[in-house]
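Listed below are the structures to be examined.
Look for chain A in each of the two complexes below; its partner is chain B in the first and chain C in the second.
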Partner chain A sequence: MSIGGSDLDQAILQLRACRPIPESQVRELCYKARELLIEEGNVVGVDAPVTICGDIHGQFHDLMELFRVGGDVPDTNYLFMGDFVDRGFYSLESFLLLLCLKVRYPDRITLIRGNHESRQITTVYGFYDECLRKYGSANVWRYCCEVFDYLALGALVSGAATTLEPSDAPFADLNSQASMPGLDQEIEIETLNASGEVMFRFARNSEQSSSAAEPSQNPSSSPLPTPARTGAPGTGASSSSYGSMGSSTGAVLCVHGGLSPLIDTIDKIRLLDRKQEVPHEGAMCDLLWSDPDEIDGWGLSPRGAGFLFGADIVKCFNYKNDLSLIARAHQLVMEGFKEMFDSTIVTVWSAPNYCYRCGNVAAILELGEDGGNGGFVSRANGDVNRAQVLGEKVQGREGPGRRYRVFDAAPQDSRGMPAKKPVADYFL
Partner chain B sequence: MSSIAKAFAKSKLASLPPESPLYEEEDDSSSASSMSSTGTVRPTSSQRPAPVVSWSDYYAQELYLEHQSADGNAKFHVYLTPPASFKAPLLVLHHGAGSSAMSFALCALEIRKMYPEAGILAVEARDHGSVVYGPTGDVNNDLSIHVLSRDMIDMLELTAAKMGWPELPTIVLIGHSLGGAVVTDAAKQGYLGNKLLGYAVLDVVEGSAMEALKHMQAYLGTRPKMFPSLEAAIEWHIRSRTLRNPQSARASVPSLLFQTPSGSWAWRTDLSSTEAYWENWFGGMSSKFLTAKGAKLLLLAGTDRLDKELTIGQMQGKFQLQVFPAAGHFLQEDLPEKTAEAIVEFVKRNDRSTLILPPKVGDLLKQGKKV
Partner chain C sequence: MATGLNGFPVDTHLPGHEGTSITRHGFRITTRKLPILKAGPIEEMSKKLGITPPEMIFGDNLVTVEYKESGWKIEFNAFDALDRVDKTGEAMLKVSYSKEWQQNRSKQFEDIKEVVKPFDWSYSTDYKGTTPVPNPSFEPTTTPIPLHLLKRPDPILFFDDVMLYEDELADNGIAMLSVKARVMPERMLLLCRFFMRLDDVLFRIRDTRVYVEFATGEVIREYTAREEKVEAVREALARTRDDVPAQMRDPNKLAELLSIVDKSLERLVVK
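Up next, the complex of A and B:
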């Protein structure tokens, strides 16, 4: 049977209800996905506006919450930075839904590879067992692993606006409104809660910040999912850029883990042969495993794979490649996102209450479209002529305007949860 | 000494030296004196039939280390395979509760095959292969975690002194189960300073251990109290799937038992009597594991049983985690080769003496290089 057109829409409906699709359909879907992914480069080009997401880890209901908060595909253009599977109980439904959406709307969703999209890791951390449990054989796991090998290693977002059009939304805490930058100022960062209310707003080049920790007192801002905006977030409709005043920003590199000492230009990522299992070492491994850290230069990663890299490495890489920001996932952040090194790199984490026990919130990052230059997108990156002897301070590009939407775990449907594992016969 | 303590010490002494448990003498005076003789003891097997498995197949030396302090005397029992050079690391292995240094026998051999320069020191805790006496001569079985971690460091330092090492080699601490809690505590206490390269914990996690404690007495109740023979004991370990590797069971099980006057074999360590210490062993372990200095490796058997603290730590990339789905709790016995492989890779990767990292941007700029 073929999976296309209405079959695909049917499969999407079924997966949205968290019900797996038949094995034959999975095979067909994976085949189609591979045909599509093989055409993508190692670094996929993506135009803003886009909503960037971090680890999902099989938390299907939280993925649904993410779509509720961030808007649906294809209304919102999404970029998922890997780790779709393992740990959570619905890796299969989560990954297959994302894959169906990819096949159905190839230009509205980008999937890149995480370190868990690997045969070795999935046999240990749950996805393999889940496939075996749900299908009685490892075939589906095998089809999925073949797709993993074709996933891109990174994405390059261009055309993001430097300035954020402030959300036309109420404040989560009205008392905090006075301390927020006024709308006459250039807004660089805005943080919204799951109801679309403003929690924080930061003006560009200002140290001033304000917070709204208290829940909203405004009777008009209902806690129900009815954000006061006109279109889906991440699209021009909500962050309507009527002639943005900001200059165009550098590109944003998205990768699951981070940088590699073997990679100094984005073009070097493009040269890798990615169609393989994630190796134990080397550039491809590092891109999926490394972490930024408060160190100078490079360090050994405590994970046993990849490296740690410091602010100097990031600033130098961004300058050399005309990037304004690196967005990555891979590390649990209790607050959902974390900017480091003067906002040259950000970690985005999209699995709330990770493993159903960590108590963290999740976030997604929206980059608006730069409407100020008539849609012209400068694609300078990896430009070798930019390489020159730098002074002590590497001056990077101005970062894009960033809107973070923070959300909590969806209420768990206990019926779908597997019974608690029996306590082991622990020896002392 | 009270009569109970005397009987206890006697049973302990009687089980030493462990290479010939089949021919234990009723009179323990000779074995008591042999225990106080320090130095390398080699099995004299000319007249006796070969024991089930000899320690000498796995370790180069067996040492009895005497330690005298104001608190009393200690007679520590360790196995040693010295490092090949002063630059090579020494792996200190600490067994779990009720277990012994021989539980690492096969794994230690595999480590040496993969990394011949590395040294191995497999220690035995008090109330296990080692005996500690209080100031009045009573056996001191204080099994508090700080006491056990200090004992391990004492054994390491006594070994270094006995071997005449000018200074301690680079140390990697590796502990299984309770031993994992012991090495974590020793790392957190910072006893070894910069000599500590890292530590590895084998199949124990605070959260799941604490949860399992309430079932421990019931579990211990299901174990036989006595075995008619060593062969029966080995067979029970295999049949109950406590150990899944017969070769390792033959090496380790005899060291867990002593022969009673009636001729049958009983557990050397009475685990249920150690209950008062269980919470002390594992409480706070996850936090200590994450915050102590040094490279960190956690090897788990079966499934990933991380508690909340370690789940967060793992997903923040603070330590290396490896899971062996095919192994039981005694993973170093069930899968000695794989365990050794993980340990050797961990040690080599973190060995600072061979580590070369790419240059820092600041250094390149100072050299006038383009970045």
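Up next, the complex of A and C:
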């Protein structure tokens, strides 16, 4: 049987209802998906507007909530930064739905690989057991793992607008309205709740920036100025202004974990051989596993494996590659997103009430489309030698306008399972 | 409405509860279950502790047993438990593939040698509860917890299961500290369990049990630390016909297979 056209739409309908599709259809779907993914480079080129999402971890009902809050496919373009599976109860339905949407709307949805998209990790953290339980064999798990090997390692978003078109929405808290920037100012960051109400708005070059930003005169000695964190706590919004570039923003690199000491240019990511199980070491491993930390340079994780990288590493990388921002996932952050290092890197986390017990909120990051501001030159997908910027006297790129939509876990009754109350037991 | 970090309301819907309690014979047992801490309180806690807290830190959660008449109390909270984690890095474990990883790395990056903020990232703690009131204090005893009284199907008047912290060890296993309490008409039992599995390396279970006989005011505290290499447990399980992966996730099953490495038994009377 085949899974084209109406079959595919039927499968999407079924998966949206959180019902698994037959094994034969999974096989067909995975085959189609591989054919599609093999054509993608290690770093997929994506045009703004796009909505960037972090870890899902099999929390199917929360993924539905994400689509409700962020807009449905194909009306909204999505970029998922991996960790679709494990931990939650519905890894299978979550991953297969995303895969169906990918096959159905290849240009509307981008999936990149997380460290959980691996044979070894899924056997320990739930996805393997779930497939076995739902199909009685490991075949479906095997088909999915073959797809994992073809997922891209990163994505490069270009054409993002520097400023946001302020949401025409009411304020969540009317008292806070007065303290927020007016609509005549350029909006850099906006945070909306699940009802689309404005919780927070931050203007670029607002009054704070005058004291904070010392425009960098000599980028080689000090790659970027490091203005005080003057934004809302947690956003790390710096409102740093590097001259009057105004309209253009560098590209945004999306990757599950972070950087690697083996990778100093995006072109080096493009040269990796990705079609394999996630290795225990090497650049591919680092991209999926490493974490930013408040250190100088590179450090080793105390666990004995894995890298940590500091602000200087991110700023140099962004500068060298003409990036304005790195978006990554991989770490639980209670507020759903966390900007670090003067907003040069952000962690986006999209699994609310993680593992059904953390009580955290989740977030997605919307990047708007550059409305013909003139300063931006769009790039071809894949073959630009970004190292060229090194020779030019370019100052740090202004970050793109960022709209975070923050949301809670889907209501308990939509999950079809009772609220979890501890069951009294005669433990000893 | 107050707004928190990133401007979202502090009072988002939260699982758990602000506090529930029961009083029996002058003993008041209280539990509090709230979501994990947000960025601000975590930063504060990191500073106070001197180590990075676990990924899921239920810093507001609490279980207390209090004898109201004298003010004696024993409390279980995440901060005090974490304060007893080794902060020097002396007791540090390594993930299973660490050797392989480091061998390859040291050739490539001789300059990246510094281990960032070494500490016992497995968050192993020998926490036995916090007793803020000095008197009466626990004294060693040989009187064990009367299991036969706990095995009776007396009605359970109050039960709760409270998580204090949990960490996925960066997908290398799990470490969790949780407290269970059950109150029957005449007595209660509390179990504070630290469970750690470092994949392919080590299991640890550290149990603190607090037993209270209401009528006499007798409190017995028993601490048992168990440990075993994962390989040894796997071999032992292979001899059974049980589902090995499922067993390896079940602390109750595992406890029987781990060797006891530390043990203590103490007692006090509050009345």
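Convention: the second predicted complex is superposed on the first by the 346 of 428 C-alpha atoms of A that agree within 3 Å, B and C clash if a C-alpha of one lies under 4 Å from a C-alpha of the other, contacts with A are read in each partner's own complex, and residues count from 1 in each chain.
Please note the rule applied: contacts are C-beta pairs under 8 Å (C-beta built on N, C-alpha and C of every residue); 3 or more make two chains touch, one makes a residue touch a chain.
The shown structure was predicted, so the numbers you read here are calculated from the model rather than taken from an experiment.
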Between chain B (first) and chain C (second), which does A:P302 come into contact with in this model arrangement: first, second, both, or neither? both
Which partner, chain B or chain C, is in contact with more residues of chain A? C
Just checking: does A:N115 make contact with chain B only, chain C only, both, or neither of them? Give me first, second, both or neither. second
Once the shared chain is lined up, is A:C358 touching chain B (first), chain C (second), both, or neither of them? both
May I ask you to decide whether A:Q331 touches chain B, chain C, both, or neither, giving the answer as first, second, both or neither? both
Who does A:D312 touch here: chain B (first), chain C (second), both, or neither? first
Please indicate which partner A:D408 is in contact with in the superposed arrangement: first for chain B, second for chain C, both, or neither. second
Would you please give the residues of chain A that touch chain B in one complex and also touch chain C in the other complex? 123-125, 261, 297-304, 307, 331-332, 334, 354-355, 357-360, 423-428
Residue numbers of chain B touching chain A in their complex, please. 96-99, 177-178, 208-209, 211-213, 215-216, 219, 242, 271, 274, 278, 281, 295-297, 302-306, 308, 311-312, 315-320, 322-323, 325, 329-330, 345-346, 349-350, 355, 357-363, 365, 368-371
Taking the touch rule as given, give the residues of chain C at its contact with chain A in the complex, in rising order. 1, 3-9, 12-16, 34-40, 42, 55-56, 89, 92-95, 97-98, 100-102, 104-105, 108-109, 112-119, 121, 147, 150-151, 153, 156, 159-161, 163, 169-172, 180, 182, 189, 191, 199, 245
With touch defined as at the start, can you tell me which chain A residues reach chain B in the complex? 123-125, 261, 291, 296-304, 307, 310, 312-313, 315-316, 320, 330-332, 334, 354-355, 357-360, 387-390, 392, 394, 421, 423-428
Complex contact set, residues of chain A against chain C: 115-116, 121, 123-125, 129, 172-173, 176, 191, 193, 199-200, 232-235, 261-262, 280-282, 289, 293, 295, 297-308, 331-338, 353-355, 357-361, 404, 406, 408, 422-428
